[in-house]
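Following this line, the structures themselves.
Look at the two complexes coming up: chain A is in both, with chain B in one and chain C in the other.
Moving on, here comes the complex of A and B:
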């Protein structure tokens, strides 16, 4: 932090924040008493499965939604009563959506927003051209928005998000739906922008563990509207380091990882993220196991043998943020069906997921 | 997609953390936001498809509507002096309606388009531009496109249908005053409708035209209010669109038939005068327009607050 940013109030201050969606047959609590403080200059992550309340929190902080209870402020400005001030110093970019005025060119669309952000006409064109070069869309500047690929559209959205040189940038699943290389480009872009000026703050929501691990200086793990843990990635990982973390591969696993999770000495068992689509009926099933100590492995092997499962591989792993999440929540991101129900209900009034999870 | 060479790009150099930035720059901001919204609306309206389709919607549609009504009048009203008067009344009202419907439905369509189709409403909303101002700007641009339709329909009526407009006889001051006084309430009705559409779901797409269609009946556009039942005449008399149409019609065709007043009308019962004169028309337009405008702004404020409470600003309903 610089001397200038040290004098600033917290970039984000949230106290007792609750948000209830008044849907039928019963209201859905998306945020349930959140307390959070993010310092100027931090790259802060909200990590959690779909329906955890991440997007609801970002909507409140970006003044799109009012809280049901509690207080939230951005650089000291209250989200409920000083929205106009907040809007001048922040910006937001959401992923997984096809937003944009398709009939305008990339340059036209961004210029329009530069005017809404108070730049002069000429200054706006100059800023737009600079940013288009910076995000690698210089060659597409005169292309209609409707002709852009998903990755290009997200780069354009990133350029829009940086038009006003925000003090704080809210990124809501910015790499959702992007291919590996486009997602990497977006991450690099965000890191470069943030690194260029000390004090710039980023709040990122994601359910990609690796993304949070790579980008964030501090992370809050959220589920069912509550913050379960908060800390640096290494602090969070140390929570499970005292236990044995193993990756187990078997040819089949009838009953799924829950069968293992019930065994004595097993802290948690969850399908590994890299084989979630294979399911438990596949020929090779990988499970992340957290054991209280190595002695619990004997019971696991015995149970697998009794169930007719053949062990194809077993190795210890470094704990990941997913292990932390599994220990905190008792399930992995792959087993998030229950959590999604919360968001499904919430979408009756705030249909975020129609954009973010169109496959549902 | 290749990763761009972003590290160290000068575009990422910032302007620091000057607290004054959170305050904005007042009137200059407001002017810029309004102008940008008008420009955005114009771009979206005029550029959304190819020139042929733009021509069809802007020119052919109002002319077709005009012809439909003219033929109906021709069949029902026949020819002769009274038939000519009725035809003139209908042609002028119908031409003006192209502009009115654009202004009334425009802001509501902007809400629906931006939220459901372009998915940009949330980005506009969280920008420093005042949301109401953005919608007014979008409405102005729709009104401008509608005005083109009105002008084209009027030219068509003069050249093809033989509508007689004596430019020397036109009451120009009355025309200018009425036009200017009428535009805010027309846009205000649009803002009121936008406030409603902010709260509703899929079915909203039909609301703007449904509302405009209902308004068509009680605004004296193609027939005088006197033929309506008394309750509907009351709605017509407190409706600023009625007075706008009556004022513009009276200015272009001085001494012609008026949509307000006439034998057996509520206006005659209430005032004892046959038809309102120019000054009365302007005064009532000003009064009904002011009430409509203030009511629409209040309604919009309530709706915006409720939308923010209920999370409706970025809701998409898949329609």
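Moving on, here comes the complex of A and C:
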């Protein structure tokens, strides 16, 4: 964070937020008391299974939905009463977004959106061309939107979301349904764009653990409309397992593992069970190390260096976010096939109407 | 600085960037209007099949009536009435078929959310749709008019251009104002509204006097003139294009009809604006801006 961004109000401030959808037969509580603060310039993630309330929260923050209770603001602007101001400094992109008109070319469609965001006509064309190159769609610029592949389509959607260079960008599962390389392209794009100017803030929802881990500086794990845990990825992982476990392989270890066990921050050090030749004189010695935290590793390395041991391998067996999630929620992400099926049905109905439309 | 992502000029404070002058907000709405009209204008030549539906089909309908009138040896003016009706019906079709369902369609595509989230008014979007539709139907209408005039040898006796031009423009504002209002209503009502339009389309054509002077319908015609912009606009244009022809007597003068069109325009535009506000409020409290929620 720079000196400038420190004086800004929080990019996102949420207090006691609840949202109930008044549907029959029984109202659905999508958000059930959310408190959250995201600093300007932060890359923040909401990680949770389908139905957790992620999209609902994004819709409230993007002024598309009102809170049932509680307050939320974007850079100090209230989402309920100052929507117009928020809309001038934010943008949003969702996974699987089918926005726009298939009859237009990629370039034309983006220009159209640039006009909605208030760019001048010529500035709009220029900006569109720059962004098309930046997202790697330069070759598709004159192609009709309806002919794009899923990955290309999402790159175009990302370009749309960046047209107005928002202060805050909301990404709702932006890599949903993309293949590995397209998903990676989208992630790199977001990081590059965000890194270009301090203060740019991103709120990303995902149900891919690795994505949250890779991109986000802080993550909130949500389920059933509640935040279960919040912190940096490594903080979250530490919640599940307070110590980090490492497997260290060296060429020799004079004095045995006891030398390491005495170092500060080392909880325990023991020869691994699978050492071929147990003993300190072997060619390859494997030691299981348990450290209070990663920082103790520096001392271990210094001690090894001083003792003339060469490190041949070091592997962590830190928990993944998946472990964190399972511990917090009591189930994994796998149990959701049903929810996906419902989604597909909804999408089909929507597509049906499009058949009769000349701008399709 | 990152070279991959060129950036636009922003200030160092989002609060400054969010603080727009009234002029900037207005300009953005104007640009949004043009932006939303753009796909219609661009798409014009890209879907040849629409030429078939929107020029050939109305033209066939018109031709059928022309042949019937000729067979019955009706006054020649009736051929002109039919041709004018056919040409004007391109606008009417555009309003009831496309504009009315437009916002609903945008919602199912996910566009509506993006429109709401953009720093513009939804009125700008509606006006843009109207402008685009008007342009598109204008070309269809002109084509029908030119083809049938040449083919059936229609003689127009238009003398009062100073009244005809404003009457035409007012017919358009009233028609598309109605389209904007219907678009908002359809969004509120959803699918049911489509079935209703389907049912209403033929009767409305009939009482609007698509193929004969609406005056022939007596009281029913008077009701049409008071309520349906297509009916009143068409009748006024017929009176101006074929002054004093038999069959036209019995409806208000074109001047009075122009005033009716002004009133309709105002009512429809104000109603659409109100409806848009209702829609936004309802959508934000109910969560009904999009069909797909996951």
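Everything that follows uses one rule, which is that the second predicted complex is superposed on the first by the 258 of 360 C-alpha atoms of A that agree within 3 Å, B and C clash if a C-alpha of one lies under 4 Å from a C-alpha of the other, contacts with A are read in each partner's own complex, and residues count from 1 in each chain.
Going forward, a contact is a pair of C-beta atoms (placed from the backbone, for glycine too) under 8 Å apart; a residue touches a chain by one contact, two chains touch by 3 or more.
Because the structure is predicted, anything quoted here is derived from the model rather than measured.
Upon superposition of the two complexes on chain A, a steric clash is found between chain B and chain C.
When the two complexes are overlaid on their common chain A, residue A:329 makes contact with neither chain B nor chain C. In the superposition on chain A, A:50 contacts chain C only, with no contact to chain B. Legend: residue contacts after superposition of the two complexes on their common chain; A:136 is shown touching chain B, with no touch to chain C. In the overlay built on the shared chain, the residue A:21 is in contact with chain B and with chain C. In the overlay built on the shared chain, the residue A:38 is in contact with neither chain B nor chain C. By the touch criterion stated above, A:59 is placed in contact with chain B and with chain C alike. By the touch criterion stated above, A:152 is placed in contact with chain B alone, chain C being left untouched.
Shared contact residues of chain A, touching chain B in one structure and chain C in the other: 4, 8, 21-22, 40, 56, 59, 62-66, 75, 77, 84-92, 94, 97-101, 103-104, 108, 112-113, 115-118, 127, 130, 134, 162, 164-165, 167, 192-193, 195-197, 199, 346, 349-351, 354.
Across the complex, chain A meets chain C through its residues 4, 8-9, 21-22, 40, 50-51, 55-56, 59, 62-66, 75-77, 84-92, 94, 97-101, 103-104, 108, 111-121, 127, 130, 134, 162, 164-165, 167-168, 192-193, 195-197, 199, 339, 342-343, 346-347, 349-351, 353-354, 357-359.
Interface of chain A with chain B (complex): residues 4-5, 8, 21-22, 40, 56, 59, 62-66, 75, 77, 84-92, 94, 97-104, 108, 112-113, 115-118, 127, 130-131, 133-136, 149, 151-152, 155, 160, 162, 164-165, 167, 179, 181-182, 184-185, 188-189, 192-193, 195-197, 199-200, 346, 349-352, 354-355.
Considering their complex, residues 1-2, 4-8, 10, 12-15, 17-20, 24, 27-28, 31-32, 34-36, 38-40, 42-43, 46-47, 50, 98, 104-105, 108-111, 113-120, 283-287, 289, 291-294 of chain C touch chain A.
Taken in their complex, chain B has these residues touching chain A: 1-17, 21-25, 29, 32-33, 35-36, 39-40, 43-44, 47-49, 118-120, 122-129, 134, 308-318.
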